[in-house]
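Take this structure first; my questions come after.
Note that the chains are named A, B and C in the order they appear, and that numbering of residues resets to 1 at the start of each chain.
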Amino acid sequence: MATSSAVTVARPAGLAGRMGGGIARGMAIGYLSLIVLVPLAALIWSSRAHGLGAFWDEVTKAEAASALKLTLVVSLLVAAFNAMMGTAIAWVLVRDSFPGKGFVNAVIDLPFALPTIVAGLVLLQLYGPNSPFGVDLAFQRTGLVLALLFVTLPFVVRAVQPVLLELDREMEEAAESLGAHRFEVFRRIVFPNLLPAILSGVALAFARAVGEFGSVVLISGNIPFKTEVSSVYISGQIESDNAAGAAAVSVVLLLISLAVLLAIGAFRHWKTRHDR
Amino acid sequence: MGITVVDVTKRFGDFVALEDVSVAIPEGSLTALLGPSGSGKSTLLRVIAGLEDPDRGQVLLGDADVTHRPARARGVGMVFQHYAAFKHMTVSENVAFGLKVRKRPRAEIAGRVHELLELVQLEGLAKRYPAQLSGGQRQRMALARALAVDPEVLLLDEPFGALDARVRKELRAWLRRLHDEVHVTTIIVTHDQEEAMEVAGQIVVLNRGRVEQVGTPRELYESPANEFVMSFVGPVNRIGDSFVRPRDLTLRLEPDADTREAMVERVVHLGFEVRVELVREDGQHLLAQLTQEEAEALELERGLIVYVRPSRETVFTS
Amino acid sequence: MIAKWALRLGALGYLAFLLLVPVGLVFYRTFEHGFHPAWAAVTNPQALHALWLTLLIAAIAVPLNTLFGVTLAIALVRHRFPGRGLVNAIVDLPLALSPVVVGLSLYLLYGTGGWLSGFADHGIKILFALPGMVLATIFVSLPFVVREVVPVLREIGTDQEQAAETLGAAPFTVFRRITLPAIRWAVCYGVVLTTARAIGEFGAVSIVSGRIEGKTETLPLYVQSQFEGFNTTGAFAASVILALIAASTVVAMRFFRPKEEA
């Protein structure tokens, strides 16, 4: 970048520069559309190919409806449990100190990094028929819940950690100087400020649980009406050549995902409302 | 309630924040803890507040030894440099907090909050959130919040440090008036000597964890205990072993027995006073302070040779 | 004091139970029958092909997602264009979407009767072949680079870039010398996340690949096929490899983690 000894006049990014940027942006959006939008559009199109009546029938079919109900109930349960444990873990990681904390902090990421099928296999070995603990949770809802707890572990923890780190400690000290006990300080000062982050993490955990496939497909046994979740049902429908059925339930899951993303956006907006 | 600090020592790892610090704060006074960064003044305040435990020594509130009592049980009100506002609560909820924690009845809380907001002149802003207030307003809210629980002691940790100059001056005067009205034993931590001199009745000067001197602003200025206090409290010229205030440096146009030659480098007119930067033949720089008339009489200008002599000097014997 | 210990033990105990015990078991079960069976299980042709295929797919998907991810991030933060909010939402969608839904969408799009079934008609196999698997992997691993770069771009602001512009730098130079260095750690972190997701992907790839052994079977799919074929040693040995990759991912994540999360 040469600057002559004379005064350099500021050159605005010329038409070529703006066009270049525009082209890059256009290509990126084209990429996004081809990869994500078009396939999803095809999905939605397929689901209504035989009319809305057929769509509704597929979704309300006994097995499909049961799978959906199970999926939602179990995911809510897991999300709620994560809200509690995830916050507790984040608290211990931020506010506490003990030998090996760095290791523990790193290990939180494991469920994200580990392929779901491996997680499923391992959980099956631990809590299934060959369990060293003498339990057998395979083909049961408990096994299902365990698998989902495993894969959703990082979400609330990682959502809460940065907020907890940045929290103004002086607020807590002020509350203490005004007479509040430790728990009151948590309840009245810390928790309200953590809530948006907790909810964001919970929403992501919920979405992940609803869609989870690899880790549950082994341990749950996929028994229809008992331990079959929607993702497994869809997979089964594809294998039985019922593309319409698979597409219909998939659209329902897609709508749930969109709703979750909307909720997360709302939480993000809510979180910044008190900041300046 | 008066405060007594006896032989307090506090370390953070290898760093000694306070070493054998003993101070007596009279009841109802407004005392400043003054010192540069790292002098231990904030640590001392936090030890008094109960937010830090001293490694050694005692803290007494009145006659009671509160050294190991937690902050919430000491009856202190605290104001922080960056306000520590409860950003998720409105102004009135902030002020009401201490009373809510003490489970006072609703009507009483409402009345007290209203009273305090009037006192700090924030009545119209009760329903606002701290993010919607200016810095000065937030700090007034913080004060109201601390006063709400009728503290025996009010502790202010560099309360005006985050505000701009004009607001700072206003709030200083305001604090002084507030103290005259409310009469709570108050301690203010500051690194600004002008602020300390203006606001406090008594100043404790700290340096590197030790108390250098305790006294009224006047005592500190006129009878400083050592070089540190003297140069911290105001500008000073060091001539050999003597210390001379700029005001005490006399300028003449003619030499006499005790004068030394110096050249005027710069003349700064600051309204009613004039600051003159001088340099002696041996290269030492001096600072003199004259009134407008004195400066005009000498017709001071850059490059002029004058003859300087201290009219008063201080020597420290230890 | 008691509360502190209760919390600490509760949180750490839960973690040990949920995470460490399972992973420890993987290693135990793999080498339960000795080293050689385990070694044989991962060095046979089918397993090696699966490993190679997995890495190949990642090697295609990750650079593409990085390149377009950075471009999208810049577009989202620095430019105003119609539909910006929508683009933002679409980028996040793969995070919330079931991989099975992803697989099905691709299956419907490129399969018989789908809008893009023309490829197959002209001899270019998308489904049950590499292209389909790459597309599925790109889909599910798309968001990470974008999401990591966006907040950094937002935080550093345009000051430096504008300063460079006034000094006469052309847009691409500004990008190369100012923007890119500022976001490089965020990009690294995003790449680590993208790679982990790409390698570990199971559900979507399972549907579009047809799981043809020796041809369209990635390592995670190999784990499943071995398990279903009652070859548990094989399944676990492959799992160990994947677990080791996961462990290095975790280490890399720790290393590149943006400072606010540290």
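Throughout what follows, a contact is a pair of C-beta atoms (placed from the backbone, for glycine too) under 8 Å apart; a residue touches a chain by one contact, two chains touch by 3 or more.
This structure is a prediction, so every number in the text was calculated from the model and none was measured.
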(request) Go ahead and name the chain pair joined by the largest number of contacting C-beta pairs. (result) A-C
(request) Going by C-alpha centroids, which chain is farthest from chain A? Tell me that one. (result) B
(message) Suppose each chain is reduced to the average of its Cα coordinates; what separation in Å results between chain B and chain C?
(response) 57
(request) List the centre-to-centre spacing of chain A and chain C in whole Å, with centres computed as mean CA coordinates. (result) 15
(message) With centres defined as the mean C-alpha position, give me the chain A-chain B separation in Å.
(response) 52
(message) Please output the residue numbers of chain C that touch at least 2 other chains, ranges allowed.
(response) none
(message) Looking at the complex, which residues from chain A come into contact with chain B?
(response) 168, 170-171, 173-181, 184, 188-189, 192-193, 274-276
(message) Can you tell me which positions in chain A touch chain C when the two form their complex?
(response) 1, 3, 8, 10-13, 17-18, 20-21, 24-25, 27-29, 31-32, 35-40, 42-43, 45-46, 85, 88-89, 91-92, 96, 98, 102, 104-119, 121-123, 125-126, 132, 146, 149-150, 153, 158, 161-162, 165-166, 182-183, 204, 207-208, 210-214, 217-218, 230-232, 234-235, 238, 243, 246-247, 250, 253-254, 257-258, 260-261, 264-265
(message) Residue numbers of chain B touching chain A in their complex, please.
(response) 49-51, 70-73, 76-78, 80, 82, 84-88, 97-98, 101-102, 129, 131, 142, 145-146, 148-149
(request) Would you pull the chain C residues touching chain A in the complex into a rising list? (result) 3-4, 7-8, 10-12, 14-15, 18-23, 25-26, 29, 64, 68, 71-72, 74-75, 79, 81, 87, 89-102, 104-109, 114-116, 135, 138-139, 142, 165-173, 177, 193, 196, 199-203, 206-207, 219-221, 223-224, 227, 235-236, 239, 242-243, 245-247, 249-251, 253-254, 260-261
